[in-house]
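Paired with chain B in one complex and with chain C in the other, chain A is shared by the two complexes that follow.
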Partner chain A sequence: MSFFAEKIKQCYTLVHEAPVKKKAIVGILAAITLECAFLRFHASGVFWFIVYTLVTGSLVFVVVANLIKKTIGSFIFVVPALLIFTIFYIYPFFKVLQLSHNAWDGISPIMDFVGLSNFKEVIGDKIWWGAMKNAGYITLIALTFQNALALVLALACDRAIKAKNFYRVIFFIPPVLSEVVVGLIWRWIYDGDYGLLNHALLALGFKDVVRNWLSDPQTALTCVAVIHCWKGFGWGFMILLAGLQTIPRELYEAARVDGANVWQSFKNVTIPLMIPVFVLVAILTILGTMQVFVLILSMTGGGPGYHTEVPVTRILASMQGSSMFGYACAQGITFGAILMMVSFAQMGISRKLKQA
Partner chain B sequence: MSINKYTVTNSAVNALVHVFLIIVAATCIFPLLWMFGSSLKTQSTVFSDMSLVPKAMHWENFYLAWTKGGFGVYFLNSLFYTVFVVFGIVIVSSWAAYAFSRMNFPGKNLFFFMFLGAMMIPLPGSFVPLYVLVNNVRNILLNSLNGATPFFLKIFPDQFVYGMVSFIENQFYPRAAYVLCMINVGLSFSIFMLKTFFDKMPKELEDAARIDGCTRLGIWRHVALPLAKPAIAVIIIYNSLSVWNEYILANLILSSKDLMPLQRGLMVFQGEHITQYPLLMAGMTITVLPILVIYFAMQKFIIKGITAGAVVG
Partner chain C sequence: MKRVFLFAICVFGLGILFNGCGSQPGASSASQGVRKIVVWHWMTDRDEAFQELAKKYEEKTGVRVIFELYAPSDAYSQKVRAAAQAKALPDIFGLLGEKRDFAAFIKAGHITNLIQEMTADNSAWKNSLFEKALAVNEFSDGNEYGVSAGIYGVPIDVMNIQMLYNKGLFIKAGLNPDSPPATWEEFVAACQKLGAAGIQGLVSGWGEVWMIDCLASNLAFNIMGPEKVFATLRGEVPYSDPDWIKVFALFKEMADKKMLASGIVTMVNKNAEQAFANERAAFAFNGSWCVNVYHGMNPSLDYGVLLMPRVNLSRPMYIWGGAGSSFLVNDRSLVKKEVVDLLKWLTARDQQAYLAQKTRNLPSNKSSLEKIPELLAAFSKGMENVTHPNVWPVNELPRVIERFDKGIQSIIIGEKTPEQLGAELAKLKAEEMAKKK
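Right after this comes the complex of A and B.
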């Protein structure tokens, strides 16, 4: 028993301490192998027997090991969390994998196994890639304008000014509001007939600019992106401010003594020390913004046409609108894989920046 | 202090900075004020009266939204879900985090990294399988209830049995399913946060309690939980906000109007009465008010939670 435990521990440390690149390569290879095995043997009983034996066997192994070591009393503490996690995270995870290889309408008792054709369809789906482009556009605006605004505000608040805490509290109000509320308020402000924005523009004399902001294909996406930034800049501001405040003041003083002006000390002291924080904010912005959708549901519902559709609203539409559960899951997996690649790439870049 | 060139330019810069910050702060608050102001106008004045503070305050809009708009029901539902989910998360995650931090058992590291991995791997569209799961379990439950009904009819009065069956089908099951789903959403973050907190806590008190003959559950209840109050406060606030603001799972799991929480109710109301802006705005004010109260009262903990969440992410 202890021999096996020792071996497992060795394998575990080997995997855990491997560099990220190796982990990623091994992970991708393992995924491809499993996928091939699944495609080849999905109809064979022996394959599923082996899979189920492995899964239940490892669970039984853990429980038996706990019984032998007389640690079952401690193990029981994590059982509720494990149960909830297994039912609501691990089961759905494998359900997604299963559904994405099937054509299923969500009601009928039988699913059609279709192999990889759902994924093929996703790759050829123009609306889907249009939605991806829209999400990319919103993300680009969030990465540049939202984060620039957050950085400027954080720098302003990092100066020893009065009422710093007041601003901090105010700037974080939009992030704690729900996306539905934010979307509905702004939907009305943007409204073509009764909206506040058009009233204000008319009162100021800009007659040509007045339009139905959210139904105009030219402006709808940008309007949504602006509101997303309005809702999100508080997060970036908070994290950036926390990062700025960890920089020792002596460094700025030393820079000033050496004759550096404000810009030089910003460039040579603040930026190099803040790079990890910048990367963190960038990753959070990308992962958060790409997956935005409740705001869009409450502001435009994806319209006009498909001009404000984003990937998650497409997944929802495939599921609720056209009852293609398998296709929805294939879209989800494709999107999740893209997000994983983006965050891996960013982590790699940050590591390189840190070494340089 | 003598006024020289340096202090003059410095205070001028500070004034400019303040002007900039105040403008941004105003844009943060203005939509909320606008929403509140509009909720006090009438249907006829709401499109013409553009003032923030209307001349005649129509507080009855709130009463109408609460009763006729159905926001009273939605509010109580939101409260119900938030309380149960947060309570569940605190109990389950503090058990697990305590075990991960203080106890040793085979499989510990494996399970902990499983929870960590759940936070790292993005699963967009995870609502699809959850919807399938909840639906399948409901079908199984209904079938077995229908199968068992004749048996129960022999023991209990008819009315009671049919009442129970419809209660389980329409009230108990959807609510329980939604609460469990939401517990899972907040679980990983809470476990991670509490584990790091427990790791930093001194062990001596627990040792003393053990020597005095306290059981493991007793130590958790009487020593670990009281000491972890700051971390638990962060977890409570963070999860309350996320449950109160949650929309998509409520949309998929809770389809009848007497089960809906506020966010879902707002969307339904908006779809049904598209131009009843004063009532909609009153409903939104009802939705936002508890959040703002909690936020202003507890903002210290919220800021702590953000930095912790950022470190996790």
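Right after this comes the complex of A and C.
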């Protein structure tokens, strides 16, 4: 028993400590092999059984390798979570992968295997990439404007200011509000005829600026992006504030003794120590914003034209509007792969920044 | 003791888990010997009336009818699809979607063909219902979906989509409320007069693209006639044809002449209904269900119903309509006979009259028309000109429909010209037809 335990531990260490490049190459090769095998044996139940067992086995391997120093009893406690994970996460993933290679209307008992043609169509779908661009634009605004605001407010609340708990609560109100409610309220604020915004602009004498904000292709996407930032900055604020509070005060005192001013302390103490937190916030912002959906649906429905369409609304349109479930799944997988690549790239950058 | 307790909890939990998978309401009701029929629907405005009818039916027959409401309609639609996958549909359900979705459900064995019941006793049941409402649920021989010919649903009400105008705002703008516009030119002139009086023209939920599709196809039928529209759908006439450009140009004209309510391209129909009910626009393009909606929003609203003004006076103006909501019978239901009896009872004269009065929807039973309110009677006149994509011999491809509707939005916001949209659609249609082959 101890021999196997030792071997598993060795294997795990080998995989865990392998260089990132090696891991990436092995990962890509595994994905290509899986895809090739899938294209060849997609109709075989044995193939699905092997793949499912392999993935579940890998999970068990990771768990066992992590628990190897402990008792077998502790492994038993992990089994329910492992079961739930394989049934509700791994199985649906393979189902989506399978559907993405089929033409299916969502109801019919028969699916037509179409190989990679759904993915080919996704690659050539200009509207899909336009939606990606729109999501990228909202993400860019969120990464800069939203996170800069969150950092400034976190820095302010990190200091000994009066009623800082009150501000913390206030800043965290938008994230806990329902997205549908926020969307509908802001839709009313932006309304061209009876909206508060136009009313205020008219009262201030900016008659030329007044417009129907959500129906104007020049402003619709930016309006949605601004509300997304307003709704989401509270999360960044909380995480950044938590990060700031982990920085030992002694470091600032030492910097002050060395003659550093506020900017120098920020640049040389706060920023280097906050890099992991910045990376976390940036990853969460990108993943959260790229998947923005409810706000769009309640504010513009993706219009006017395709001006506020985002990947998730396109997936929904393929699935519900056009009953092309296979194509929708291919869009979902493409989108997931892009998000994964962005996240890995960010993690790589943060590692380099830390080393620097 | 603790172990026994834990074991009992586990068994109970597993029992619940497995019981939840794949059970059929019809099956369970039959196996338990209980005369129970389960009906799923999404119609929030009709739920109270349905519950009342369920009580009456139970008193009369002893059969318990459970109307289960799942709203909003999007969520309902998802629920029905998921239940179909799990083969757990109730005895009766409604289906939201296009004809191809309907066909997919039939081909998957979820819906019963009611042709025998409909044609029994010299087609007594069939003849009692509006022909055009039944047509939506009918598949003829050799249909493009490959479904066996038959009638697969029972309409419980009828609807059509027309124009409405606010009589008070007409008077305010110096227009005669007794002679609403009948031609396109009159409609344009009326909107301009309303605009001069500071009143918005047409409001509609064009953020929900199907409503644009509806008006555009009405205009297309009027301008070029049904045959040419169907020829376009078959791929024989391109969207760059001058008649189609003329249809698109009407939307440009409405936008250029400021005949449309502000923000119409992102407006959902609920907001459009609010705008009309609150007298913020003089015209609305909406379905007959709006009588109930407007009554709820503004009971004193004074408005009239008119057919969409005609562009081509030599052809009639066709409007979308037919079955408003239909109930379908689960082919796997074990209480099918009771289900059919219930549907016959629900669509009988008295029940239909009750539903029409209570919910202000057009009844599907012809003989119930005499008891309906005045506004609904005005809507019912339009039934002669009713058409619907679900009864057309051919339907447009999903991607083309989407680009068509979004393209019209682009024309309204001044991003595309009618010619550009025509060319773009012609290209897309050719690509999609090639893929289909």
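Operating definition for what follows: the second predicted complex is superposed on the first by the 291 of 356 C-alpha atoms of A that agree within 3 Å, B and C clash if a C-alpha of one lies under 4 Å from a C-alpha of the other, contacts with A are read in each partner's own complex, and residues count from 1 in each chain.
Basically, contacts are C-beta pairs under 8 Å (C-beta built on N, C-alpha and C of every residue); 3 or more make two chains touch, one makes a residue touch a chain.
Because the structure is a prediction, the values reported are computed rather than measured.
Shared-chain residue A:85: touches chain B; no touch with chain C.
Residue contacts after overlaying the shared chain place A:23 against neither chain B nor chain C. Once the two complexes are overlaid on the shared chain, A:256 sits clear of chain B and of chain C alike. Contact with chain B, but none with chain C, is seen for A:180 once the two complexes are overlaid on the shared chain. In the superposition on chain A, the chain among chain B and chain C reaching more residues of chain A is B.
Looking at the shared chain after the overlay, A:323 reaches chain C, while chain B stays out of its contact range. Contact with chain C, but none with chain B, is seen for A:220 once the two complexes are overlaid on the shared chain.
Using the contact criterion defined above for the overlaid structures, shared-chain residue A:106 touches chain B and also reaches chain C.
With both structures placed on the common chain, the touch criterion links A:42 to neither chain B nor chain C.
Of the two partner chains placed by superposition, only chain C is touched by A:192; chain B is not.
Residues 106, 320 of chain A lie in contact with chain B in one complex and with chain C in the other. On the side of chain C, the complex with chain A involves touching residues 74, 77-78, 81, 84-85, 97-98, 100-101, 104-105, 107-110, 200, 207-209, 262-268, 280, 398-399, 402, 406-407, 409-410, 412-413, 415.
Residues 105-109, 191-193, 212, 214-217, 220, 299-301, 303-306, 317, 320-324 of chain A are the ones that touch chain C when the two sit in their complex. Residues 5, 12, 16, 62, 65-66, 69, 71-75, 77-78, 80-82, 84-85, 87-89, 91-93, 95-96, 99, 106, 149, 152-153, 156-157, 159, 161, 163, 167-174, 176-182, 184-186, 188-189, 194, 196, 199, 230, 234-235, 238-239, 242, 280, 283-284, 287, 291, 293-294, 297-298, 311-312, 315-316, 319-320, 325, 328-329, 331-332, 335-336, 339-340, 343 of chain A touch chain B in their complex.
Looking at the complex, you find that chain B touches chain A at residues 14, 17-18, 20-21, 24-25, 27-29, 31-32, 34-35, 38, 46-47, 50, 91-93, 95-96, 98-100, 103-111, 113-115, 118, 121-133, 135, 180-181, 183-184, 187-188, 191, 216, 220, 241, 244-245, 247-248, 252, 263, 266-267, 270, 275, 277, 280, 284, 287-288, 291-292, 295-296, 299, 302-303, 306-307, 310, 313.
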